[in-house]
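Naming follows writing order (A, B, C and D), and every chain is counted from residue 1.
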Amino acid sequence: MIKVGIVGGTGYTGVELLRLLAQHPEVSVEAITSRSETGVKVCDMYPNLRGHCDTLTFSEPDARKLGALDAVFFATPHGVAHALAGELLTNGTRVIDLSADFRLRDADLWSEWYGQAHGAPELLGEAVYGLPEMHREKIRNARLIAVPGCYPTAVQLGFLPLLEAGLIDAQQLIADCKSGVTGAGRGAKVGSLLAEASESFKAYGASGHRHLPEIRQGLNDMQQSPVGLTFVPHLTPMIRGIHATLYSQLTTEADDLQTLFEQRYANEPFVDVMPAGSHPETRSVKGNNTCRLAVHRPAGGNTVVVLSVIDNLVKGASGQAIQNLNLMFGLDETLGLNAPALMP
Amino acid sequence: MIKVGIVGGTGYTGVELLRLLAQHPEVSVEAITSRSETGVKVCDMYPNLRGHCDTLTFSEPDARKLGALDAVFFATPHGVAHALAGELLTNGTRVIDLSADFRLRDADLWSEWYGQAHGAPELLGEAVYGLPEMHREKIRNARLIAVPGCYPTAVQLGFLPLLEAGLIDAQQLIADCKSGVTGAGRGAKVGSLLAEASESFKAYGASGHRHLPEIRQGLNDMQQSPVGLTFVPHLTPMIRGIHATLYSQLTTEADDLQTLFEQRYANEPFVDVMPAGSHPETRSVKGNNTCRLAVHRPAGGNTVVVLSVIDNLVKGASGQAIQNLNLMFGLDETLGLNAPALMP
Amino acid sequence: MIKVGIVGGTGYTGVELLRLLAQHPEVSVEAITSRSETGVKVCDMYPNLRGHCDTLTFSEPDARKLGALDAVFFATPHGVAHALAGELLTNGTRVIDLSADFRLRDADLWSEWYGQAHGAPELLGEAVYGLPEMHREKIRNARLIAVPGCYPTAVQLGFLPLLEAGLIDAQQLIADCKSGVTGAGRGAKVGSLLAEASESFKAYGASGHRHLPEIRQGLNDMQQSPVGLTFVPHLTPMIRGIHATLYSQLTTEADDLQTLFEQRYANEPFVDVMPAGSHPETRSVKGNNTCRLAVHRPAGGNTVVVLSVIDNLVKGASGQAIQNLNLMFGLDETLGLNAPALMP
Amino acid sequence: MIKVGIVGGTGYTGVELLRLLAQHPEVSVEAITSRSETGVKVCDMYPNLRGHCDTLTFSEPDARKLGALDAVFFATPHGVAHALAGELLTNGTRVIDLSADFRLRDADLWSEWYGQAHGAPELLGEAVYGLPEMHREKIRNARLIAVPGCYPTAVQLGFLPLLEAGLIDAQQLIADCKSGVTGAGRGAKVGSLLAEASESFKAYGASGHRHLPEIRQGLNDMQQSPVGLTFVPHLTPMIRGIHATLYSQLTTEADDLQTLFEQRYANEPFVDVMPAGSHPETRSVKGNNTCRLAVHRPAGGNTVVVLSVIDNLVKGASGQAIQNLNLMFGLDETLGLNAPALMP
């Protein structure tokens, strides 16, 4: 059994790790930390886990104890993993960080968007961006993984085949994204109340969102030059799910885009290219690690529309983190991630 | 009192007309028709109207009786108004059609999208497209109004100032639109069940939707030449509301877009340009006839993002129909439409 | 025009007062207070009110300014009205308190349930419990109104005809109540997040809820002796609405309960007894001041089941407060409260 | 591998069987029938199952092919299992019927509630009511299982310890039940549309619901004499979940009810008695086979309030069906049913 810990276990990505790992045959959760809930039993806070981790109790984060584990997940606000990751790595504990701390390779860019100095720039060189569809081999050998953000996962997987194939104008990319409210976390904010967020739809961060530089970095890698991207996130009244609607312009005689997508993802266990003409629903991936894609060319014109859905808490966070762990420890990549989505 | 009838009163736009007209001091609903519900009391079907129209009963459509009224609203599927409008107009009854029957000026284009011959091409010449912000003077003198569709209203009001001012590349317009489920009507379809449409988000009609030619016709008028438009509608899990996110590219040194929008709509009673940096929520217009707009230029670049929200059943249908009636009968344009949105 | 102020205007009952009063032809809102939002324009916080009260700004509560008004609504947490009501009454300003401060006639009982001393026991003698269906005449002459709570309104109106007629065993009353989440207020609590409260249903306060003594006091008045009541509130995933399902046992040969209810409420403008066999829906009163009732005797047995629905923010709070104001100032009781419910 | 078939696989209990069985290591789904969808691939209708049963296609029901299987689930409207069960049993195929066909032991009572003659009264003698907490040993040896209804499961498990212990007045039982909309099935009915059922709460069937005789039969068994039960079901705006709130009167000096419940269910793998004072949420069992219970005595009086939650599609249908199958085939009772609930 691989012994793991979770730092910051009270949020939605923390409890989702527990839910998924309860089904994982090769992983044992040995510690879960929370400063605010120290001493509370996990299943008192999350009764869905009653019977699944009845002996697990939130504890203070303790680098020594965590350092005795095989791997530690960070399900924390940004800044926390900066402070602890180095010591864990020195102890030989692998780090899988679900926060934004190691996603941007450029520490200055990180500081600009997160409003504070980067706390561990010396680790950026070895941090691997944990998008298996791009970086599978590096992930296998990594000690430190930056799990991609939820929007970045949906957007990058949608643009990837088009950019790699050099088919579109990379200066005019548009990502119109819609997220359920768990994307805003479990913090008690008025705007996330059912009475405020239900029966309504709105954009936010139209002038700039922290996932923008992360997406841009990923797309730049695919394009191998700087791209131009407009990214507008929206809040949709549901618990889980991201739907990215991606617009770009073909620059060449159009290939068969359906085949392009199918071939690019033929061997990917967690990317499902739907039949031509499909419109993937977010509920088709509820609780599941799959990204479902469909590609359209309205009226056969030059505009390509890619529809990409994920569960923001699974492929957009905790499921992808476990997919990375499976790769890092030489396990079957899909272990613990096989349950179908809950539908309806 | 202006005596009106409603043909096809059992659907959502029909009951919304009744709800709004119950507050209108100058209009009296004299007849409401429904072939399937003939003899049923309106308030037995819609208990929210108990106490408001207790004597009103659904009846068979009868052209003679309807022809004795001052105006008739059609809240019907396409094709019905084609068959009845001519006779009513001959009798001097004005017609306000909420269906798609008279929205497209080109009968052939209509046939192509609706899969049947146009039933009243001889009336197209006098039909007025009922978007007051574009055609107010024509509406005042019209006998036959084609009330704009819900998506077309939200999209046209968002692009209008930019196109009129000639500031954007009209060949690259993108309208990413999201609608609540009442947009699909009150028909019993599996896809509209709560168990199917709730907790999920999806696109539909990405390859072509009937509102596309209507929007294009309107934008062509503003641009005074054919535009290029990609329109992708989505279904969002809520009852009412449309959010249009509009993307275009500036072609000139940017003007002050905020001022442009504010000035264009300064005298419009039902268009509200929100302060710079705003993100209008659909709930801010729930039950209300306003279109709220915000205009953004992310990172000060050349991409303009317009956010436009309406209630699809009010400004997108029944409220706009009443706004047209007010204009046609020389009333205060806002009569019966003044109640604030229901929030939360 | 009657000049009114609102103390504590940022919560849901405050904004609902503004929404309803925007439609009231005889009332002008002159002041709205909030310590936390002083200086903020009301319509910046509640964009649904843009165009309806654009000059209104939250201010510090100031007894002198409020004392110059005809009436002041308190839409505050408990305790606040205790501190201010006396001074206002002395100035001749009438007080309509939506909080719990003056609902219980017994100051000791109040202290027991609210965990603090009663701040104005000297006013209890003249406070009138603002349930017009019970106390209309007293309300007309009152200076100080305690607006009933939301659950108490739904439960009392449901039991009223049965208790007044002496038909049921008053020792075995059961009120199983379900509320939308606005009942929990606009405070930022984790349990009220969309991600927590949506797609779930639960009871709360099964061992005792603050509305219990208020309901009991009202039922005691109707029965003219102490009743035995079990009250279990539940949270249902919707914004507005209360559904009370009331169970009691007939003790006499059954009368015609349908007629009993219809006669008792024949002249009540805001109580609607539905036809026999009906199941009122909460959405039939969304945004509206009506209480809709239906009475059932399953299998013709001795158990009576009353179904009672209200909008917790309207008949359960702000609408009933305005109904009281109308009575106090000799206006038509329904003024400003006539708009039909929003449905769907 | 146990080879099973599913008759009537297009409804919600059918697809839920597929979702759960996809995780079951000892069961293989060999056939799934649907008259209306014959020839359609299962995963085209239910994209959440893409990758899980890609070769499965809906077929016409064929008694010969089904008769070659080890067991057949009926996820059909009532009446269908009557017609097919006998032939299957003759072939040695075990039948697990999720419909109401074999739940009532009295064929006349069945006819009365279902409005048609019972189609297989000769099988009633051997049909076993598949509530393992009551009939585990009989289930192990059964050939024909009547899987309990959703409401009956939640209500019976809540009353069971009290009735078995003889502590309550069995003539005054009240079950106030709330269900998500999947309880109404996947049929296209106006009342189940999101636009109709969302943002609303209502009772239905207050005068009599088909689950009433089933519940009564089960409670009679526990009490060993006829009980008096009032059962009022309600529709709550969510996809899955049932919450039963059960009221009864203690007739003896009260025992320690918490201990009573804990002891009665100590060895039950799918009944979870929560700590004293708890309020179970339906979301804590979303997608999961557990029934969570809490028992309250408000103010220490004689009224007992039991709160009981299940997922109507799992413990209330498909999960319980699989639990029965596990018992019938000598497997670990929990096989395939171990995944924690999806929360949030």
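General observations
Just so we're on the same page, a residue touches a chain if its C-beta (ideal position, glycine included) is under 8 Å from a C-beta of that chain, and two chains touch if they have at least 3 such contacts.
These are the chains along with the protein names UniProt gives them: A, B, C, D = N-acetyl-gamma-glutamyl-phosphate reductase.
For clarity, every value in this text was computed on a predicted model and none was experimentally measured.
The chains in contact with subunit B as well as with subunit D are A, C.
Most remote from subunit B, judged by the distance between CA-atom centroids, is D.
For the pair subunit A and subunit D, the distance between C-alpha centroids works out to 36 Å.
Distance between chain centres (mean CA atoms), subunit A to subunit B: 39 Å. The centroid of the Cα atoms in subunit A and the matching centroid in subunit C are 45 Å apart. Multi-chain contact residues of subunit B, defined as those touching 2 or more other chains: 12, 180, 182, 195-196, 198-199, 237-240, 280-281, 283, 286, 344.
Residues of subunit C that touch subunit D in their complex: 172, 174, 176, 178, 180, 195-196, 198-204, 206-208, 228, 230-232, 234, 236-241, 243, 245, 247, 249, 277, 279-283, 286, 294, 296, 298-299, 301, 303, 305, 307, 309, 344. Subunit C meets subunit A in the complex at residues 12, 180-182, 186, 188-190, 192-199, 237-239. On the subunit C side of its complex with subunit B, the touching residues are 12, 15, 18-19, 22-23, 46-52, 182, 199, 239-240, 272, 274, 280-281, 283-288, 290, 292, 338-344.
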